[in-house]
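Labels A, B, C, D and E are assigned to the chains in the order they are written; within every chain, residues are numbered from 1.
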Amino acid sequence: MAEPILSVSGLCTEVVSDERVARIVRDVSFDLYPGEILGVVGESGCGKSMMGFALLNLLDPPARVASGSVSYAGQDITKLPHEDLRGIRGNRIAMIFQDPMVSLNPVLTIGEQMMEAVLAHQNVSREEAKARTVEVLEMVGIPKPAERLKAYPHEFSGGMRQRVVIATAFLNQPDIIIADEPTTALDVTIQAQILAEVQKMAAQNGTAVIWISHDMSLLSGLADRVMVMYAGQIVESGSTASIIEQPNHPYTRALMGAIPVPGRKKLEILRGFPPNLLGEFTGCAFAPRCPVARDHCEVERPELRGTELSHARCHYPLQEGARS
Amino acid sequence: MAAYLFQRLIQAIFVLLLVSLLIFMGVYAIGDPIELLVSPDSTVEDIERARAALGLDQPIWTQYRIYLVGLLQGDLGDSFVYNQPTIQLILQRLPATVELGLVAFLFALLMGIPLGLVAGYYADKWADHAIMNGSIFAFSLPNFWQGLLFILLFSVWLNWLPAGDRGEVDQFLGVSSSLATADGWRHIFLPAFNLALFNAALIVRLTRSSIQEVMSSEYIRYARAKGISNRRILLRHAFRNIQIPLVTVLGLELGNLLAYGIITETVFDWPGMGQLLINSIRLNDRPVIVGYLLVVVAMFILINVVVDVLYTLLDPRIKISGSKS
Amino acid sequence: MSMPLLELCNISRIFTRNDGVFDKLARRLAIGRPLENLVAVDNVSMVVNRGETVGIVGESGCGKSTLGRVAVQLLAPTSGKVCFEGKDIATLPAEEARRARFKLQMVFQNPYTSLNPRRRVGETVIEAAVAHGLVAKADARDAAIEAMGRVGLKPDFIDRFPHALSGGQRQRVGIARALAVDPACVVFDEAVAALDVSIQAQILELLVELRQNSSFASVFISHDLNVVRYIADRVVILYLGRVVETASTATLFDNPHHPYSRALMAEAPQLKAQKKTFTPIVGELPSPLSPPSGCQFHPRCPHAMPRCKTDQPMLRQLGDRHFSACHLEVGQGEEGRIEEAGKRKVVQA
Amino acid sequence: MSSSQTANNSAAGKGTKMSSLRSLFDFLRRQSIFSLLCLAIFLFLILAAISAPWITPQNPYDNAQVDFFDANLAPGTVSGDGRFVYLLGSDALGRDLYSAILYGLRTSLSISGTAALLALAIGTLAGLAAAYFKGATDMLIMRAVDIKLGFPTILVAMVIMSIFGAGYFNLVIALVLAQWPYYARTARSVALVQIGQEYIEAARCLELPVHRLILVHLLPNSLPPLLVVFTLQLAHAAAIEASLSFLGLGVSIEAPSLGLLIANGSKEILSGHSWQLIYPGLALVLLIFTVNIVGDRLRRILNPKERG
Amino acid sequence: DTLRLALAGEHQSVDPHFSRTSPNQNTASNIFETLVSVDEKMQMGPMLATSWQNINPTTWEIELKQGVTFHDGSTFDAADVISSVERIPNVEDSPSSFISLVSSIASIEALDAHKLKVTTKEPAPDFMEQIGGVYIIPSELGVTIKSADFDSGQATIGTGPYKFVSWTPNESLVLKANEQYWGEVPGYSDVIIRYIPNAASRVATLMAGDVDAIDQVPPSDVAVVKARDGLEVSSSISGRLIYLHLDSDREQTPFIKGSEGGEINNPLRDKRVRKALSLLIDRNRIVEHIMDGRAVPAGQMVPEGFIGFNPEIKTPAYDLEGAKALLTEAGYPDGFSLTIHGPNDRYVNDAKVIQALSQLFARGGLKSSVEAMPKSIYFKSASKREFSVFLVGFGTTSGNSSRGLEQVLSSYNKEAGIGTFNRGRFSNPAFDDVMTRATATFDDDEKEQLLKEAATIGFVEEQGILPLYFEELIWAHSNKVAYKIGPVERTLAADFRPVD
């Protein structure tokens, strides 16, 4: 297999408020390979977005990266000086935000906001930047893009805005795109258009994509590989097919068992709540809600088991084969 | 746009009529000013004669009708006290008020925006706290007391700056203004500063909160994710956004400057429109009171319209059409 | 068949911009904006029988909530009538109408805004029943505990404020509140849309259970086909305020007729261990302010014919309680069916 | 209400009270010393104003106690009859300035407090009515509000006072007339948000009576932002009251508020009796400043997003 | 060189016939002249008229000065006087018309160029005072010339010591010396008069050296001005009496209640009570503490030096015991409660004075409170008799007490124009009788005697009003200018001269 293009290890983030420290992302490690679509799934509040921001060192106080590294092209993004970081952001690693309605500046034209991304990173004339902008807008299916450059965000529908944001991510032909639930606010038909675009991008340019979502069904059709997050930790990762067909972690299974699919007569119900993120976990974070937990789970923290590409954080994985 | 302006025009006329009626009746209710106008040794006939001369012997509705008819012809009536057309009186004092207002506005901007930017940039740091509490303090200082203290300090005790009056005036851009002479500037400094402080405090707060709000918004974070330079983020993305609230508030500020100008003018004996109003109220000079208020109301409406129009120029989301959406 | 419980007949709801006097004046002088009418619901008829669960599906803004709110009388329809137990509520005497409305309850989408933050759970649940004399004041507490028990809330929640509750628990309170007044029909407006899948599953299971133990009928509004398919007996699909297709759940999902229904089903994410190539419906969602002529779906429809531009298709009966508003004949255009549109290619290892 | 009145509930009730006390304490602990100091000063000023008759050597409003022979005495001078010391000096009529300031504070606070409360009540009612009934009611009320808000409060108050004439009640009326629109606007916008909230729809769906809907559901939830407006308007009312009194459009000269004391002091600006200008002003500034700080902190707490 | 003055009051119009209010006349007196002059005690003297004679009760002959020229060079003669008199009724919109000065004239004719014969409709003993107040303008201007023509300077042509140069309303009036002036040559070639109504600013402007002299210095600032090097203060007693008016007529009066607050009959109808109140007023201390010594305690209508002043009437001394005894005698051993009303923006320290009075009454066992209001409301209410005890001032504009006594203390008679300012409706037949005779006589000595007699009735026997003090007029000026005090309430440029 090729070299990973992005390598995350031991990433932790925390939020400090009123003398209390909430540890949101806990010890996240993974590798990302060119051309790969990596799905990140988990319940609301489990730290998916924060992890996404941490990858580009975009956290604002009081949130911050506490430890760990994100290495891209031999550099640790979390420790880069601001100027170098700026050279990577939007250029080599682009990000698509969750809400298309608020990620564009309402008082600047679409054209300006897209062209500035080109001009910030490439030494080109305004004309060239404009040409490039028109090109990507065409790619994402905005009709008559040259004319729409002068439009303001509010003149676009939600779907079109999100496509503008996606097109912006394509502008500098980045190596990596981090997409944080960019289709949650959209209709299925519009969502399909965007997903199609991303798939094409990954396939044609070898762009690696990290796609964050809480919707396992969506990732099942899109991602090559899926990481399941729970309480800030990666509890399981593996190829999409294997995760869906043979989940190792009880949480993964519960997550999928809760989705109504044709023919399913009863949904799996997960009782209880995610743990408090303020302290250290004594045992497995999922143990209090786990249907198959044993006493041991409450006291000892499980380590990741399995290969770099496919692993679970569980003392008693569901698939016998995964137990080493 | 046409519809909007038309609507504002109708509204303006309506408001002006209402104001003129209310004030007219109100001032009438206080009483007629004859006793104050006649010389102390006037006889009864003298008084009756004067009353008839000013039309005060007519029933109030007749008086109002006559006033309205005059108003339609652009005539605000003659002052009882000064025996001059009201409009002329107001126009004579307008330059003094406007120059005081403008200088104060300038002071307020010069103090307010930089301080607001600093506070917003260092949000929740000590500089921010100091500036913000300072601004609360500044707008907690009653305008008149603060002005009196300035006089006490700078004029009476230190004897640095004059305490009142407009000083020497000279032609300046075609109007006689104290901005044309050094003495005039010495005179305008204290009152303008007095008037500016309150507004500066508002501008500080507004600038700070807008900058802070904008800087914590998702699109700024998105701009950072695009790798845009901080300079551009601040000057283009953020500043373009805070212009909108700034313009609105600056419109209000102008109104405040006019209103609080009345007090500053009283404290510093500045011969502007505010003084005229206060004196007219004291002397019950109805045409001037009503005329002044109509002029001020018209100015306010104009300011509001200008602000609205500026708004649409600055904020692409809003189109003037009937009402804001 | 017996008399339906709730019947919506030719309901239309038009939203007009709220104009001031000056706007009207300006318009009369022909310098103002033209009047804008937004047809949120257009001539929709629908029946809910006793004990039945009807699902309403459609994209955002297609009028689902409006229809639901008309059904429970939170909104007055612009035209058409709402009949409860065969009687038009609008023509009933005030007291009877009030009782009828009271029999129609709603559960709302947002668990965070649908509870009064300043009232305790117990008060919220039982307030209406007490106000209407269904429960004596003295028994209120016990009744509240019982109502909460039905939705699986423990009695110790009774004195809590909503902020101390999780989203799922709040939604349970909302359901308990609606059920506490013993309604005949409950409209669930996206009642699970704001919840995580695991919580969504809890609520869906709760509903299934309640449906088994109680006799109320329900209208279940959702944009998620899978959820509707899971819970509803019959489904109505809306597009831009109009019904495009309605049938029993089984019929509709196995044998959809309208191209829009088919597209929806094709593009709704399915949990399958196969990667899928997304093939979007072309075009943007039209604005409800200026809907397309004829069949409103024609600009995006792969099978559009010339007459679709001009003629608005009426609902046609295709089978037992299966109606569709499309000019296509049955079987025509079937090649664009789900299998093909949603074909999945196996992931290359 | 209805469900929580059973007997075994009292313990739980006490529990919540205890915990709310504790959370109040917790909450105070988290505020800065400066904010707490301001709160303390504000409360102290209120207390001092209320207890003025018992903690002052003289009732400056009682002609029999004031002696103009003692006019313009510097701070620290003993009174002519040797009964007490003029702590902050005396004014041009021989009033003990310290007593006059406390009594003036009383006047200022009672005027601005009454006005702010009345404006709160009237404005809130108008705002809620506008939001709830919509249509013509809304239009009428909001047009009135718009027109008023187009003009600075001080100007409106000035005009009203010049028509009504000076005096305690006229002042209150002028302040109420000038300030109710702020509450109405806030109440309306908050209520509109609340009405849009689904719990109000739920209440309507449950066919709760209108008065219950407005009083039990709408009002309590619209109150917090109104409280912020209240504190800020209270400070504003105090400032306006003082300004009007300064212009001679305020209270009666016999029972001077702080503004009138300052106005009196301002006439002595050249004659060297500057304490008559400075001390009443300081008291007024202290009052307005602390109320503003309290309001500001309240606003931040209620709306953490906008920390302005 | 230039004289720079700052005055408190600005004229409404430069038209000398527009209004009789003080600022208007002040401006007019700089530029125009009248037939007779008045001095600081208001005593008449010749000016444009050199002498006059009462031929019979209704006929007067007036001799005019020769060799006087107007600013435009034309000579002053009888035609100018006639024209000026005839113009007066034609002045439009005059709020305070000069008409009453000429309304008694039945006919006026020129006997020759410098001699006039006037007949009056009725005998008018004070005729010369009246016509003597008319400012003379050239007959060339005609009788219909508009006030605006004076404001612009076009018609501003008089015989006075200064010529009009320009007027910027609300700012300044500029004058130039009249080199051809018939009297003493003006001390300054140029004069700039600024108008600064705010007393503090006026004082500050003087102290800053921006002007050479100011008028109407607040008494409380006198010490500060005096202390400043290079500044001087001049003062003179004014003819304005500040007094308390009492409702001595009505059965019940709105602002007097029993000592417990109940309704009582108006005690002010009893002259013992009025006397008692007068004794409670410590005039000396009011003058000393409230007026900073800048006023003269008063016991009658006019100050010493004016005709009608009765030296036998002593200023009442403070007498607490005497007052209490009188009150007890009158049946008010526990006093009563009263509210004193007064303006707060009309007279020097007006609001303070009523509060001080209130304190003094409180010492006498009365429950007393005060209410001060802006003059715009106050005087109307006072005339409508809405008060019981209230502070007013009356400024004598002629050199005798006749008008004051007649307008303030004579029984109210609207038709006859008598008692116009008798807002307390004091009424005493003996007093009225004396006054009728005093105003009818042409004999100056007899008139003076009668006025003294009237004063005794009004102030000693009946105590119709309670006189408090006469205001002082105070000027402050640089010691580089010398100021000779002129007529009452005038600050004339000609009265200033440079000090070498």
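What we mean here is this: contacts are C-beta pairs under 8 Å (C-beta built on N, C-alpha and C of every residue); 3 or more make two chains touch, one makes a residue touch a chain.
Here the structure is a predicted model, which means the values were calculated and not measured.
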Intersection of contact partners for chain B and chain C: A, D
Separation of chain C from chain A in steps, with touching chains one step apart: 1
Fewest hops from chain D to chain E - one hop per pair of touching chains: 1
Most distant chain from chain A, judged by the mean position of its C-alpha atoms: E
Where chain A and chain D are represented by their mean Cα positions, the distance between them in whole Å: 52
Approximate Å spacing (C-alpha centroids) for the pair chain B, chain D: 25
Whole-Å gap separating chain C and chain E, where each centre is the average of the chain's CA atoms: 88
Inter-chain centre distance, chain A versus chain E - centres from mean C-alpha coordinates, in Å: 92
Interface hub residues of chain C, defined as touching at least two other chains: 20
Residues of chain B whose C-beta touches two or more other chains: 30, 266, 281
Multi-partner residues of chain D (each touching 2 or more other chains): 165, 266, 269-270
Complex interface listing, chain D residues touching chain E: 62-64, 66-69, 71, 92-94, 165-166, 248, 252-254, 266-272
Residues of chain B touching chain A in the complex: 216-230, 232, 236-237, 240-241, 244, 314-317
Interface residues, chain A side, partner chain C - complex: 43-44, 157, 159-160, 187-193, 195-196, 199, 214-218, 220-222, 224, 239-241, 244-245, 254-262, 264, 266-270, 273
In the complex, chain C residues that touch chain D: 18, 20-21, 69, 72, 74, 98, 101-102, 104-106, 108-110, 113-120, 122-123, 125-128, 130-132, 137-138, 140-141, 143-144, 158-159, 174, 177-178, 181
Residues on chain E engaged by chain B in the complex (per definition of touch): 12-13, 18-22, 92-97, 99-100, 103, 147, 168-171, 194, 196-198, 200-201, 204-205, 208, 210, 345, 374-377, 379-381, 383, 394-395, 397, 403, 407, 414, 417, 420
